[in-house]
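What follows is a single structure, and I will ask about it in a moment.
Per-chain residue numbering starts at 1, and chain names A, B, C and D are given in the order in which the chains are listed.
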Amino acid sequence: MIFFRSDYSQGAHPDVMEALIKTNLEHSDGYGLDAHCENAAAMIRDLIGKPDASVHMMVGGTPCNITLIAAALRPYEGVVAPRTAHCYFHETGGVEATGHRVIAMEGINGKLNPELIDRAWDEYEDEHTVVPRMVYISQPTEGGSLYSKAEMLAISEKCRERDMYLYIDGARLGTGLTSPACDFTIRDVAGLCDAFYIGGTKNGALFGEALVINNPAIDDHFRWMIKQNCGLLAKGRLIGVQFEALLAGGEDSIYFRMARHSNEMASKLRAGLEELGLPFYSESPTNQIFPILPTPVVEKLEEEFFFYRWAPEKDGMIPVRFVTAWGTEEKEVDALLARIRELV
Amino acid sequence: MIFFRSDYSQGAHPDVMEALIKTNLEHSDGYGLDAHCENAAAMIRDLIGKPDASVHMMVGGTPCNITLIAAALRPYEGVVAPRTAHCYFHETGGVEATGHRVIAMEGINGKLNPELIDRAWDEYEDEHTVVPRMVYISQPTEGGSLYSKAEMLAISEKCRERDMYLYIDGARLGTGLTSPACDFTIRDVAGLCDAFYIGGTKNGALFGEALVINNPAIDDHFRWMIKQNCGLLAKGRLIGVQFEALLAGGEDSIYFRMARHSNEMASKLRAGLEELGLPFYSESPTNQIFPILPTPVVEKLEEEFFFYRWAPEKDGMIPVRFVTAWGTEEKEVDALLARIRELV
Amino acid sequence: MIFFRSDYSQGAHPDVMEALIKTNLEHSDGYGLDAHCENAAAMIRDLIGKPDASVHMMVGGTPCNITLIAAALRPYEGVVAPRTAHCYFHETGGVEATGHRVIAMEGINGKLNPELIDRAWDEYEDEHTVVPRMVYISQPTEGGSLYSKAEMLAISEKCRERDMYLYIDGARLGTGLTSPACDFTIRDVAGLCDAFYIGGTKNGALFGEALVINNPAIDDHFRWMIKQNCGLLAKGRLIGVQFEALLAGGEDSIYFRMARHSNEMASKLRAGLEELGLPFYSESPTNQIFPILPTPVVEKLEEEFFFYRWAPEKDGMIPVRFVTAWGTEEKEVDALLARIRELV
Amino acid sequence: MIFFRSDYSQGAHPDVMEALIKTNLEHSDGYGLDAHCENAAAMIRDLIGKPDASVHMMVGGTPCNITLIAAALRPYEGVVAPRTAHCYFHETGGVEATGHRVIAMEGINGKLNPELIDRAWDEYEDEHTVVPRMVYISQPTEGGSLYSKAEMLAISEKCRERDMYLYIDGARLGTGLTSPACDFTIRDVAGLCDAFYIGGTKNGALFGEALVINNPAIDDHFRWMIKQNCGLLAKGRLIGVQFEALLAGGEDSIYFRMARHSNEMASKLRAGLEELGLPFYSESPTNQIFPILPTPVVEKLEEEFFFYRWAPEKDGMIPVRFVTAWGTEEKEVDALLARIRELV
């Protein structure tokens, strides 16, 4: 079976593994209070141009989202997000379990915009209604689409106008930043939000995300929040060590190189499918692509390839998702395209 | 100022007050464990034809909704409701504060239907997604519309098919049952759901709702849930005494007579507005009506009448809400109509 | 049966009922936003000498405690309280249901002191431990004991030193203030805490407590918190009307007169029991007394009187609780004493 | 600096690292639904003699505790634990954050017993009080003491009598099972509780614990609970791979050999300190020891050794904690003993 199912089906990039082995017998203090986490945080502050940012090494993306939202909001406040947002759609109500509503709006291609934020406020009245205090967006989105710099700025301005926090889920930030369609930098992202995270899990780490908090109001006692929400790893340095390896070299680090590779593999696959005249379920300039294939083709492909059916069958066609990753080999893409060509 | 603002702007029906005065110096055990609560519960079981139902005397509608939902659901489960539902729109995220998502669907005239319930399930996948375990509807809805018996039955069947609880918010059940458009009885309501409540606050009580639970799985340790959720009144008998007074006489009790009166006042008002050719924001055959009036008319009316603007101005017109109640006098309706006639 | 079971077994003082009847047909805005609530709040600000205090009319004591604590604390913070505190012992984990720990300390005669607060801090370390951010005491305590002014001041100073909030549960504040053992005034109470409430339910109201918040940090969006925690009464004015009646006349109001009467009845009962040489389970200078009676005496008494066994039988003796109230008649006390005299 | 600070200061046992490297480029499904997790679970079921047990690969001990408790309890239920329990003392109120009380009892040498469980029930009354539905113990305890088989059985029987769940925190189960003082087997542990976990983090894993659930009522939708509580690792197989390596060989696996080594190092250290006539803060037959040293000795030691002060200074003496681990070398123990000998 060849995997196009997710960008977390393999372990870590060999450089990451090597760093873990090299530091394995070091003794250090626990829970992220060690030199590797400190160093990785310093590297990140440098990369994003935010010398005062607080950086927390987190185990995964869901812990980032739930902990950040729970830390930022008062009990009667909620977070506005697209209905397809990870924090609404794929975290089993973890945000609600901390007492807060995800105010889900029908997004456009998975994205929010200032009008949708205003619409969330239209539902607000007074002490009988949840206060929409935060905006959550993913960059790129769960469906692979990207916000342009102008779109992010417009949302950021709307947040300032409405006195809302802006939080950006960067589970796949790497492929976002290295997409040919990208017109912003990581410093742009860092500059216009209160918090965001740099995803490791989906870009070559064993696990781990670096959560950056620019707003001290959210950062207050944040480590207490991490602990309470099950996210403080005893051997916290493991995440620091991984980010040291991922980001060594800054813009030229394996973090960016892996993401670029993922995008290239996706581009090749997309181009091949377009050539065949196949329709797409959504526009996605990153490492997820969503072609719509005839049902018999899907069924045949499933014998050799591992991928998701993305939406229910309609008129004999099924939208599927192919995901590429740092470890995807060109020959795997070629094999998939060849098989589809045969079947279509 | 003449009030058409809500059906809870006055105190209680004189018979209710009299019952409270008559029993005032009695001693009784607290927290609803007294003869009046027991007797009121028995009256209700009789009225609804459910000898085994559990009846809890609750302080208000929000406590009914939040406590019932929190008692019925496991932590990863949510409740499907229209986006205009009281439990979504007007309880400041109280359901989420107990850890559960309200899965809000765009209703049709404020109502759910089997297709919308299916659509909520379409969003469900596996351990990454909230399980839609309950359906919440209001009868009549917050916007005054009514489910027909057939519509309720269809929802009830869908719930059985999907293994979901059905809960009916009856804050205004009285005006629902006595509306000319009503084709169901209180026994019908009781027969097709797992729980519902008979609202007192909005139909002539000082406060209090009678929450009926048909499903023993939800009723398990329910009094613990009431206490934990701030809803156990020390002098619990006050609610029992009121429901004894409200329901004495069954179908001919002041409960039904007051509701009928409210509807009649609303009907008169509606007819008068229709005669003037005014448009309506939504169809509502109960004691709330939502005409759309020219902005200057609204502004003038506000000098003498107390009511809500219901939606933002559009094209020089504003949807407003007029609510009638047990204490609304015919001359008040006449005065309102006369003033509108002058202004339009 | 003669009731010595609680101070909430009867309805309201006749003056309270009269005020409710007199205002019954008034129309007013809901949820406590009416002239009666405003007026009652002004009376209270006057009585306590705090012109800037925020006053919220609450349905009961448990809603006061849970809502206040939930509003004041961040998710990783807890409230220090005696193990016998109402918020620990008698609210079914309602505080924990909002996500906060009650840090229960073994009190001394039901009371905290600065050393116990320090001991709670001894358990505190860092991000792995709950931050003890609030102190909760009841005045008088659940067992009827009283803090002296000096004791309250010492706790208040400790709170300031530790940067903790001080909250005082005043469910029975009336009998505390009018106890012969009392050396403080209501202004003293108001002056040394961040929040407290003046209990109505246990001193002649149908229901209702007036929650006073001195600290604006806690008061921020407090009405949102009340609504979310099931505590916002639609006909909120009912509580305002009752407090207007209870407090009319200030220190000479029925509120203080009823409390004084309760204490006098308790004193008479206590004196009579002391004369008989009976031991007491705890020292209580207010309207609850806890004699220890031989088991056969208790069993006989239970045929005519309604009261609680307070602790398990030991050596053939059972601690019981007799509570007097505004409605307790002298002849009832005499009857109880006479019967005990016969039985002992 | 030589570390005696914790048993998680180093990375993983080399065999564990090797297994991770060997499987690194495999593709697999995410979230623990892979062959390694399945295989590790089968190995564990075999080891404990419970063919029907459910085994979940968890990221850490705190997620085990919080998720298990939240899954097992209804909202009004609490868990009885010693005041020194990890779930009370060192999880920042994570249990309370899910809405449940930890009913903390003063344990005896960190342990519960049937009398203490009864005492927790003495505080229970009715709908006003939290229901103590679970018992939480750690084996060995946080202070290093061990329950004997008879003690565990007595607690287990008490739980059955009281209809309570029994959950055993096995963060250091390895050193418990291999302690010279141990009179029980892992099958004994598995046989008398509803759930327990086999700790990896503190015994040679990078991270990860294997949570075993014997009671299907707790296991229902448990993966939903893991996800909601931030504990579902995308590359879940990492934990499976580690447990395969840890437990290969069963009773003769590195898991047991590492634990035995830790205990031996601790025994040597303990014996050496006893020889010097030093007192101990508590009795601990596992890999944590708690000698009481003169303050100047502690201060000097801190220049070369990294360890915790365990309790406040008293009479010029400070209780400290030395922890040994799989990676502790005999020469490190010798060095510590030699230095203490010089200083005392």
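The rule we apply is simple: a residue touches a chain if its C-beta (ideal position, glycine included) is under 8 Å from a C-beta of that chain, and two chains touch if they have at least 3 such contacts.
Bear in mind that the values here come from a model prediction, so they are computed numbers and not experimental data.
**Q** Contact counts by the stated rule: is the higher one at A-D or A-C?
**A** Of A-D and A-C, more C-beta pairs in contact link A-D.
**Q** How many degrees of rotation carry the C-alpha atoms of chain C onto those of chain D, rounded to the nearest 5?
**A** In short, 180 degrees.
**Q** What's the farthest chain from chain B if centres are computed as the mean of the Cα atoms?
**A** Result for max centroid distance from chain B is chain D.
**Q** Averaging over Cα atoms per chain, report the distance between chain C and chain D in Å.
**A** 42
**Q** Just how far, in Å, is the C-alpha centre of chain D from the one of chain A?
**A** Comparing mean C-alpha positions, chain D is 33 Å from chain A.
**Q** Approximately how many whole Å separate the CA-defined centres of chain A and chain C?
**A** That gives a centre separation of 51 Å.
**Q** Name the residues of chain A that each touch 2 or more other chains.
**A** Each of 75-76, 91-93, 97-99, 127-128, 224, 227-228, 232 in chain A touches at least two other chains.
**Q** Which of the residues in chain A end up touching chain C in this complex?
**A** So the residues of chain A in touch with chain C come to 31, 70-71, 74-76, 98-99, 127-128, 131, 220-221, 223-228, 232.
**Q** Could you please specify the touching residues of chain B with respect to chain A in the complex?
**A** Spelled out, the residues of chain B in touch with chain A are 75-76, 78, 89-93, 96-97, 99-102, 104, 122-123, 127-130, 312.
**Q** Could you please specify the touching residues of chain D with respect to chain A in the complex?
**A** Counting only chain D, the residues touching chain A are 1, 3, 5-6, 8-12, 14, 17, 20-21, 23-30, 59-63, 66-67, 91-94, 97-98, 201-202, 206-207, 224, 227-235, 238, 306, 327.
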